[in-house]
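Shared between the two complexes below is subunit A, which has subunit B as its partner in the first and subunit C in the second.
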Partner chain A sequence: MKKKSFLAKLTGSREVSLLLVLIVLLIVITILSPTFLAPANIAQIFRNNALTFVMALGMLCVMLTAGIDISITSTLAFAGMTIGLLQKYNVIHNTFLLFVIGTLIGVGCGFINGLIIAKAKVAPIICTMGFMYIWRGMAYVISNNNWASGADVAGFSDFGKDGSPGPYVILIVVYVLFFIIMKWTRFGRRIYAVGSNAEAARVSGINVDRTVISVYTIMGLLAGLAGVLSVSIYASAQPNMQYGKEMDVIAACVIGGVSMNGGRGSVTGTFLGALIIAIIAKALPLVGIDAIAQNLVKGIIILAVVILNVVTQRMMDRQNLLRREM
Partner chain B sequence: MKKKVISLVLSAVMAAGMMAGCGQAQQAAPAADAAAPAADSTEAAAPAADTGSAGGGKTIALVTKSAGNAFMELLANGVKEAVEAAGGTLIVKDPSAATADAQITEISSLISQGVDAIIVSANDENALSAVLNEAKDAGIKVLTADSDVAAADRAVFVNQADVNLIGQTLLDAAYDLAGGSGQYAILSATSQATNQNAWIDAMKAAQEADPKYAELELVEVAYGDDEPQKSTDQTQALLQNYPDLKVIVAPTTVGIAAAAKVLQDQGSSVKLTGLGLPSEMQEYMGTDDAHSCPYMYLWNMIELGNLTGSTAMALANGDITGAAGEKFTAGDLGDYEIVDVNGATQVVLGPPFQFTPENVKEWADKGM
Partner chain C sequence: MAGKSGREISAVPEGGLKSKILSWEGALVLILIAVNIFGVIVSPVYNATNVLREMPKYLAEAFMVFGMGYILVLGDIDISVGSIVCLCSTVACFAGNAGAPFPVVMIACIGTGLLCGLLNGFIATRFTELPTMIITLGTQIIFRGIAEVSLGSGGSISMSDTTGLKALATKIGPFPLSFFLIIIGAVIFITILNKTTFGRKMYACGSNQTAAKYAGIEVQKMRLTAFAFMGVQAGICAIFLLSTLFGANTTTGNGFEMEVIAMCVFGGIATTGGKGNLLGGFIAAFIIFCIRIVLGQKNVNTQLVLVIIGLMLILSVVIPAISQAFKKKPKV
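Then we have the complex of A and B:
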């Protein structure tokens, strides 16, 4: 086994191939914009995209069970708008309490998603599509055409202010936590088991429904958390906040090697995928690509990375087969 | 056990919902006289409130850019005041998304409903053409406010401020804050936004027209898509790409707030001006180094609404047709004349209003 060639090692792990993609991307960007890797800029990459990073973990869990959740940014808006308004009308100004409330709203939204998907057997994309409209609609209804702005959320926004450690602490905590859960706990293994083969999981005594409900609840929790974080970072709550951004989160997972068919994906891969999305978002305006062409370039990069990943994956499978034949 | 967990979570959700409800109840008071906001409840709520006083008056419809837009809410409040003062009834339609498609749907249903006049704040300059002409054929008066369509598709445009005047004002602000020379950049909304593009073009034209601005250099027009996250990325990129940048001009309310936060958080010496809402910008306004925005501009959206409402009533009553030279009285605002700007007829509210650290709180408290 020790004889495994360098090439085999490289292609043997999706994370490593992603890391290579990342390095190539960074080299290109640094050539075009030499100051890209300055510490302040790196910090901004994580802060500006903290929401994508956080929600990608939930999406990982959901996609591992072969599901998908497109209601996440609506949950985010509902939670974010609620805590924005709570401050605007001077109900609550305690940062910790606001985090708890926003996150609990997310938990509720996610739990209902999970319940319907698991018990009523509604296809995840259909169910979450419904809730995409419902939670977004709730955000509009409670906002009553008002925004919570900088002055309303003053104090609370210090948590996510540029230079405050808040968003970074949250990122580190959730990533370490999920790394441990997904790798070393029974619950983590159950999610993989349900995604790989739900029937086999059921036969081996896993409560599949409960696992499915859990992953959507986790997704909701993280979306709620992202909603609170969003209000804190951008010092503003609007009902249309982060509209359409669920696609960035799904893209982060897909780039990170999470399979749409379930059972395959890792926290490390998700992190790298989200990092690539974040770097693209940060780099596009910096390297001097014309504003109107930025989305075009973004799409091309995403597709290129995914195709590269699929090819590596196939090479890996082929090698595994070869090894088995020997 | 499982049931316990379920009921626990459900009650948590309900509790959260109630808290959300609290927030809503409190805000209901100041907004009580506002036009009903949510996209589909408007139809029933708005006319019902006025059936008593209307007494055969005209029914005016306002199609805003989208639901959940505080800016449009102010406009709607102003229109409602003026229309009701003139004995009419206002229906407000907030499209679910800020797209031309969503507006077309709303306008179509208004045509079949048979209103007397439709006011549109257009999401697209050309895409509404067919449906607006359909409305005209049905005998409905069509006018635009805040954001225009092609001149042939409407009777008149109620303009917040003359495009050239806004361009000139913003350019002068950049000139003043840069100290007469140096680099400045523009942070706009989307690259297709009708208003922003017209103002930016006017800025460029004004700069070319006068040698006074020769030392001033526009380095880039960035687009933040009226999205806090993207506007933040774009502002940071401007700061990084142009270390000598002196001023950022953001002629869009979302962009200016996002840029203000970036500049202020970073303690940047770059100064900011543009068009912003007082309530959104209160935090960031000040002449010292701790604040990013010394002054900015906007128009009084409520007055724009008043003027729009009066114009709509005058059209519906047949007092005016939208031709240049016609005069009418817009309530307390006084007399207005329809003018011809490059072949398009307009009513212009007045010059943009300057917000300073001194008056910003007063206006924010007024709900602007």
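Then we have the complex of A and C:
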């Protein structure tokens, strides 16, 4: 056995290379702006991007089965709007109950997605595009173009207000739970099996349809949870909330090394991917780049990461081929 | 199979009147007629004059259906078109305000679209391992990012000299100019896709890229052409959009990509490639426009149209799947 080259070691594990990128990034930012790593600032980063962090986990599961879900922010808006209105019209004010209702709405939305994709064999992007329109439209229709303002959700927003531990607790619980599920449970491994080779998974006795349905249901659950969190953190509910942010979630997964062809990706990678996007967004103004250029930089990073990935993969393939010929 | 609609309603032999009526395109025409009858019944002001007056607002999007149809037939997808429209409008406004004559503004607008499309196509053909969804996700953010940076903190710009744009919005008889261009475009693009070697090669690439490659088709060249083409059409869309809006901001063209894809899919073009007919996408676009106009006139919550579009999209893909499942059952 030959020793692995340094480059191969670095690029062999996506998580390690992402961690290196993150460390380099942090060093550069800290030199330019020494206060960046202050605990308050870091807490702010997690709080502001809690929604992306939560939904990225669901997107990881969906993309592992070679699917995609672009209806998530509409589910988020529908669930968030519903619980916002429940408080506006003084129906329910119990925080726990509101969380349950919002999450259940998400579960329902996700389950329908999964059912249509698994049973009717509709392409995931088409099915979720349909529901992207439906749930967003429903959010507008039930709200009748009204808002639920900060005063309406007064008691509830204490859960996610600045300084409250609520969002952090949810983030930690969700990530620990998913890390265990995806790595050590039968269900988690089934998702990987279905994504790597659905036919082989079916033959070996895995109920592929049920796995696909549960994956989209999980995605819906997390989107619903994110909807409730969003109302709590931003202390308002509007029908157009988080419009277009599903692409951010997909981008976080893609940077984190989740393959769109299924079967490849990890919870750690997803976390690092989402974290890198979040840190860049926060750091740009600090290092003197106009906040307006945020999207431009983000887009370039996404393209650079995926292209770099292809290039290193090609180099590794070529090296492997050479070794075999010798 | 290639060239036929992506969906079948009932198994009938090809050719003949019956197959024409029972095709997906036939069903779409019926839906279009039904929507119009519905419109006349529910809204007293729904008539040809009013529809044609409100049409230009929406027509610009229809230009992109052709390019998106080509890309989907190839088995690719382009979700950056909304951002290309935004960038093109911005460039056109800057060019116009800098004193460029109107033809130059048009060339700048369409040229920007072409460049964006070429960039997409270049990355897609150089790095064939990457799904086009990811590539265009990146460029989607980049193109809008460039527009955002150039628009500055104000975030919007308006065209100071609108004479050229107003000339584009003129009407020939009762019809707006863009309506004619779309009809002409539809005839040309549908003929290219269905009747020429180039079009047949597109279906071949979409059905099986490897097989097409070994049959001597330059697959990557076709993909580059399709993406460049899409860019040009986004540029044309931008210039016609400007002729109704007279300005651009950072949210111009937001969500256009999904609407255009929805029109194509509703029209029977499969996102998996190699299946579908551009004619369907073209009719589907008009169905969606008519529904929007009816709902706009009835003064119902305009966002209800989102629910309707979504439902139509889902039903149009689920119903054929269910009917096929029923057809297959007895044989087993």
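The rule is short, and it goes like this: the second predicted complex is superposed on the first by the 295 of 326 C-alpha atoms of A that agree within 3 Å, B and C clash if a C-alpha of one lies under 4 Å from a C-alpha of the other, contacts with A are read in each partner's own complex, and residues count from 1 in each chain.
We adopt the following convention: a residue touches a chain if its C-beta (ideal position, glycine included) is under 8 Å from a C-beta of that chain, and two chains touch if they have at least 3 such contacts.
Predicted model, so just to flag it, every value in this text is computed and none were measured.
In the three-chain model built by superposing on subunit A, subunit B clashes with subunit C.
Residue contacts after overlaying the shared chain place A:203 against neither subunit B nor subunit C.
Contact with subunit C, but none with subunit B, is seen for A:302 once the two complexes are overlaid on the shared chain. Using the contact criterion defined above for the overlaid structures, shared-chain residue A:251 touches subunit C, although it does not reach subunit B. Using the contact criterion defined above for the overlaid structures, shared-chain residue A:313 touches subunit C, although it does not reach subunit B.
Of the two partner chains placed by superposition, only subunit C is touched by A:125; subunit B is not. Once chain A of one complex is fitted onto chain A of the other, the partner contacts of A:144 extend to both subunit B and subunit C. In the superposition on chain A, A:321 makes contact with neither subunit B nor subunit C. Once chain A of one complex is fitted onto chain A of the other, the partner contacts of A:239 extend to both subunit B and subunit C.
Of the two partner chains placed around the shared chain by superposition, subunit B and subunit C are both touched by A:292. Two complexes overlaid on chain A leave one subunit B stretch from 1-9, 37-45, 55-63 or 271-279 clashing with subunit C, and it is 37-45.
Residues 138, 140-141, 144-145, 239, 243, 292 of subunit A lie at the contact with subunit B in one complex and at the contact with subunit C in the other. Residues of subunit A that touch subunit C in their complex: 68, 70, 116, 120-123, 125-127, 129-138, 140-141, 144-145, 239, 243-244, 247, 250-251, 254, 260-261, 290, 292-300, 302-303, 306-307, 310, 313.
The touching residues of subunit A, counted against subunit B in their complex, run 33, 35, 41, 44, 48, 51, 82, 85-86, 88-89, 91, 101, 104-105, 107-109, 111-112, 115, 138-147, 149-151, 154, 161-163, 210, 217, 230, 234-236, 238-243, 245, 281-282, 285-286, 288, 291-292. Of all residues in subunit C, only 77, 79, 123, 127, 129-131, 133-135, 137-146, 148-149, 152-153, 254-255, 258, 261-262, 265, 270-272, 301, 303-311, 313-314, 317-318, 321-322 touch subunit A in the complex they form. On the subunit B side of its complex with subunit A, the touching residues are 2, 6, 9-10, 12-13, 15-16, 19-24, 26-28, 31, 34, 37-39, 66-70, 72-73, 94, 98, 191, 221-223, 227-230, 232-234, 236-238, 240-241, 254, 257-258, 260-262, 265-266, 277, 279-284, 364.
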